[in-house]
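For clarity, chains are labelled A, B, C and D in written order, and residue numbers in each chain start from 1.
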Amino acid sequence: MKLPEKTLRQLLFEMMRIRQIQLAIESRYLENEMKTPVHLCIGQEAVAVGVCANLKKYDYINSTHRGHGHYLAKGGDLRALIAELYGREAGCSKGRGGSMHLADTTIGHYGSSSIVGGGIPIGTGMGLAIKMQKKNKVSVIFFGDGAADEGVLYESINFAVLKKLPVIFILENNQYSVCSKVSARQAGDNIFHAMPAGLLMTKKVNGNNVLDVYNASLKAVARARTGHGPSFIECLTYRIRGHAGCEVQDVPGYRPVGEIERWKTLCPIAAFRKKLLTNKMITLNEIKKMEKKIDKQIEDAFAFARTAPPPKPETLPLYLFRE
Amino acid sequence: MKLPEKTLRQLLFEMMRIRQIQLAIESRYLENEMKTPVHLCIGQEAVAVGVCANLKKYDYINSTHRGHGHYLAKGGDLRALIAELYGREAGCSKGRGGSMHLADTTIGHYGSSSIVGGGIPIGTGMGLAIKMQKKNKVSVIFFGDGAADEGVLYESINFAVLKKLPVIFILENNQYSVCSKVSARQAGDNIFHAMPAGLLMTKKVNGNNVLDVYNASLKAVARARTGHGPSFIECLTYRIRGHAGCEVQDVPGYRPVGEIERWKTLCPIAAFRKKLLTNKMITLNEIKKMEKKIDKQIEDAFAFARTAPPPKPETLPLYLFRE
Amino acid sequence: MTWSKTKQKIIEPAFSNNEGAEGKRILCYDEAIREALQLALSRDKRVFVMGQGVDDPDGMFGATRNLHLEFGPERVFDTPLAEGAMMGVAIGAALAGMRPVYFHNRPDFLLLAMDQLVNHAAKWSYMFGGAAFVPLVVWACIGRGWGSAAQHSQALQGLFMHIPGLKLVMPGTCHDAKGLMLAAIADQNPVLILDHRFNFNYKGMVPPEAYTVPIGKGVIRRKGRDVTIVAVSHLVIDACHAAQEAAAYGVEAEVIDPRTLRPLDEEIILNSVAKTGRLIIADCGWKTGGITAEIGAMVAEKGFTYLKAPIKRIACPDLPTPAACNLDEACSIGRDNIKKALLELTR
Amino acid sequence: MTWSKTKQKIIEPAFSNNEGAEGKRILCYDEAIREALQLALSRDKRVFVMGQGVDDPDGMFGATRNLHLEFGPERVFDTPLAEGAMMGVAIGAALAGMRPVYFHNRPDFLLLAMDQLVNHAAKWSYMFGGAAFVPLVVWACIGRGWGSAAQHSQALQGLFMHIPGLKLVMPGTCHDAKGLMLAAIADQNPVLILDHRFNFNYKGMVPPEAYTVPIGKGVIRRKGRDVTIVAVSHLVIDACHAAQEAAAYGVEAEVIDPRTLRPLDEEIILNSVAKTGRLIIADCGWKTGGITAEIGAMVAEKGFTYLKAPIKRIACPDLPTPAACNLDEACSIGRDNIKKALLELTR
């Protein structure tokens, strides 16, 4: 399928934006002002962007501890994200959540869990609500290969298929859970790929190719919107940085020599950029401009976050219950 | 495969024995002396018998709330079973467990859980122990179609395959969980049948045909003993009685008209009996003798249980901890 | 249904003898709950009922009987045996604007859903600074007997009382069963209702209209000057009977039904102890670290100067429930234990 | 390893200032635990160590570092993220004669395994009248900080203390971390060890040989006549410091480290309160229905006549942990809270 140039450029822009934001967080993280465990998605940008490009503002997403990319790709406010990392009242979760608990209900993001797999049934339940309310929304659930170890995935997919829910399961397989390779935890290929297509649309895509991700999720979204039920898309990708935080904090010794370097050459952004450049769909100059624009946004967001006030101590007990 | 006549007759005898014992429990249950929620396995005898006929005394089994058949087929003591139902100190669990919690460690039965699916990972762990201890045992796990809804099954099979454990998963699909049909709970055919054979041997058998069950589990046991890892066998069968307890206690209205009657005609014992009679492997007279022998055992067990003393009140706090 | 307009009934009719009940409508406990669900389902299309067996021919303890016929299988539905995921599904539906009521016929099975209940439902509103919230009712039946044994007899209120962000409700009357169910459905937050099986033997006055009983308010079931008894769920009626019997010995006990354990109506308890100087707490859960621990410590902290005698904690022995009925009964507590404590404390 | 022959060390060396430590060997907390595991793995081939990340390059908090290299990947292994099943696997292995030590780096994740831990491990021996038993050690690290927030900061001892059949251990020193780990491995029953992350900053005397510290015995860390402080885990050292500071005001506090919360050494607490007449309980978990509730109620029940003043409960506010560091710190408790309570109580 041929996509309009505008869409292609947008995809590139979104990926670049997420990358630059992650890099900015990384470079400032060691200042010890963002006192929250961050999990960067450097190298995995194509997944969030490829999927979310198919979503409307009112569609739901459900994310994980590694959720900056999903939040941004869905349209989450950048200032509110950075302010959240700085533990500010102006943060998207009022500083209560930190990096692992982002939310922006205005864009269908009702909060993410840092319990691995925790968001999967919740996103499924949002799909149930959509169906009961007869709305034309979809509920997308992002989760990692670690979450695919958890039985709750099996239970949730079973329920989504049983009730034909408009749910899209996006397995973001970056091949590791902390220091543990997927082969040390999973017996074989993901069992869900063996589900009959009529029940569950399943696809395995190159998660570093934004167009592959885009096309697979386009189909899944169409299916969900037309009442044909759930889909399961596995995106193979790679986490370039350490599990938590930045490169310098990564423990050495758990990845084979050369693996990171090899995956760096498979960078989803570099590849797509090259493609657009080669096809003359964008110029180097335009890319430079994009970078600048993003840098400005980043500067603005950090400036905002740094000077924003922390929560007032007397607000500590608020929000436990909704009145 | 041709089985020796002796084995065939033994299979019949074991099934008849379990049936007669269940019927005896049923008929006496309404006396209100067995104060424990019983779950009869009438109609499902071929599963327990067909599997356990392949096991040695030292092999492990793990069972469920509907566990009389497994306990008996594995060689559990009848008096101790009935005494357990009567809440006696001489019960197999000293009266502390009741019908749902039988154990007899001398025959590799380390206790069963009444949490649906609860025994699955435990049996898997026993398989892990076997492997670590380099023993030549197998660990067999019986569970129902209800337990197949639970994510713990997925997690346990993944682990068993990952570690190539000598574990045999026996799904006893009697098509109901209480009043809930399997199709109301599961999206499609059991996903585990789609596992690659090299990782997990999977089979679907007529659970009312004791030879089918026998042959499938024979292969699974051989596989497990030779270090080739786990198997998954689904046995299609039917629960003739109500979920808990006896016929008269069954709630009407949840099973299609005629379903019970139809399955009664598919009785695993009648079919097998007929086969042996037709093939002149047994005579009616011999069957009568078997019945009598079993009746005598039953009389003896009930007499024993009825007169056996209940636990002494002062023993209440015992066994919380092993000293 | 505009929940805010639902009338709040704070005054509970006398219940143990149905005094003043003439001409009033009497319902069984299951009917009271069923009526609450029926009203909620009719008035608010966000409400739905899910849980294993809710569409069984008998319903769950009768309380859900035929609701699926009246409201359709989309709004009253059975679930797979997947307690972990189904709790998450209920949370997700609540986040997306629905009002799920999720039934469990035993609290034992809630242990499979602890992660979703404790790590998710209870924390969601706080964790996102109020951006999202989880109006979820989880209902489970506690109780023991008939050799149900260790995994089917637990009364786990002691666990759940420890969780910030979770409201914990344990009605003791038919009236409250209905009113608290409606209050829980109307609440914007996760509420766990634990009903004791014994309660399903109760009959009592239940007004036909929709009303709520406030979550967090206890009630005095019997007035007295000598001892305060805080009794939970079915033990409220046991405590009233014990108090009645002890009155023959000149001991006048005040019986408090807290109705909600979290938030706990500390005031009603402290005020009573200020008057009586003596405290008995009766709960059908385990003793150590359970309900009697919290209420006892709360009074030793905030009402110490009122106390004239050691507090008494009546609770189940710290053991898994044995199957054998003589042992099981030895574990159960009720009227006699309370009476004994009453007399000991005032001797 | 013949556990019964392992020497039991009941006397704990002075630890907060390492008085009398000259010539003794000093280890870090992680080294102390690692030594316990190393000894157990060498001496008893039934022992194995499983858990997410136990074979990571750094080990879990250093405490499992390189054990997989020494004992092989069959005996020290990583697991899938399947906390529910893996707890069952550990139970099954224990039933079949092994001695698993199952590590969790957060107790929050134990909530996924509650069914196996509470419904199975804790009940198994009782449920089968002792026919089978579960010698299982579950180890988890509690602690907060660095914005870990609601799902990565819980201190859930209050939940686990409620469970009959589960032993609950919370060491406060390096010496005890080793001795209690060995005692837990030697125990025939499920033992849950909760170590606070702050403890991993400790150094202390640790004898090199295999020794056990008895489960169920507390220890007096500081003698005093005016107030009893029962402090849990890392708060033991905070309490000692607070007591030291309060001594300047003429207040002499006695500090008790219960070491095991279940079974609880009630005697050591009651004896101390008999002397001091005043009780402070300090715990890093939630207040309501937690450790401070049980210990407070126990004393109000069994030691009421000793008490001269209301008990004081110092615990975390009943809230999910907020991420923002200023709020998080406002939730944390330590030396200053204890000191304040001490002075208030004796004013």
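By our rule, a contact is a pair of C-beta atoms (placed from the backbone, for glycine too) under 8 Å apart; a residue touches a chain by one contact, two chains touch by 3 or more.
Fair warning: this is a prediction, and the values are worked out from it, not measured in the lab.
Counted by C-beta pairs in contact, the busier of B-C and A-C is A-C. Comparing the CA-atom centres of all chains against that of chain B, the greatest distance is found for A. The geometric centre of chain A is 37 Å away from that of chain D, both derived from CA atoms.
Once the centre of each chain is set as its mean CA position, chain A and chain B turn out to be 46 Å apart. Chain centres here are Cα means. That of chain A falls 41 Å from that of chain C.
Residue positions of chain A with contacts to 2 or more other chains are 91, 93, 95-97, 101, 113, 115, 118, 149-152, 155, 158-159, 162, 185-186, 320. Counting only residues that touch two or more partner chains, chain C has 79-80, 82, 84-85, 108, 112, 115, 119, 126-127, 149-151, 164-165, 318-320, 322.
Interface of chain D with chain C (complex): residues 84, 108, 111-112, 114-115, 118-119, 122-123, 126-127, 149-151, 158-159, 161-162, 164-165, 262, 264, 286, 288-302, 304-305, 307, 309-313, 318-320, 322. For chain C in complex with chain B, the touching residues are 52-53, 56-58, 78-85, 108-109, 112, 146-152, 317-320, 322-327, 330-331. Residues 35-37, 84, 87-88, 91, 93, 95-101, 113-118, 146-147, 149-151, 177-180, 184-186, 251-254, 310-311, 313, 315-317, 320 of chain B are the ones touching chain C in the complex.
By the touch criterion stated above, chain D contacts chain B in their complex at residues 48, 74-75, 79-80, 82, 84-98, 115-116, 119-120, 124-133, 135, 164-165, 167, 188-189.
The touching residues of chain A, counted against chain B in their complex, run 149-155, 157-159, 161-162, 185-189, 191-192, 194-196, 199-200.
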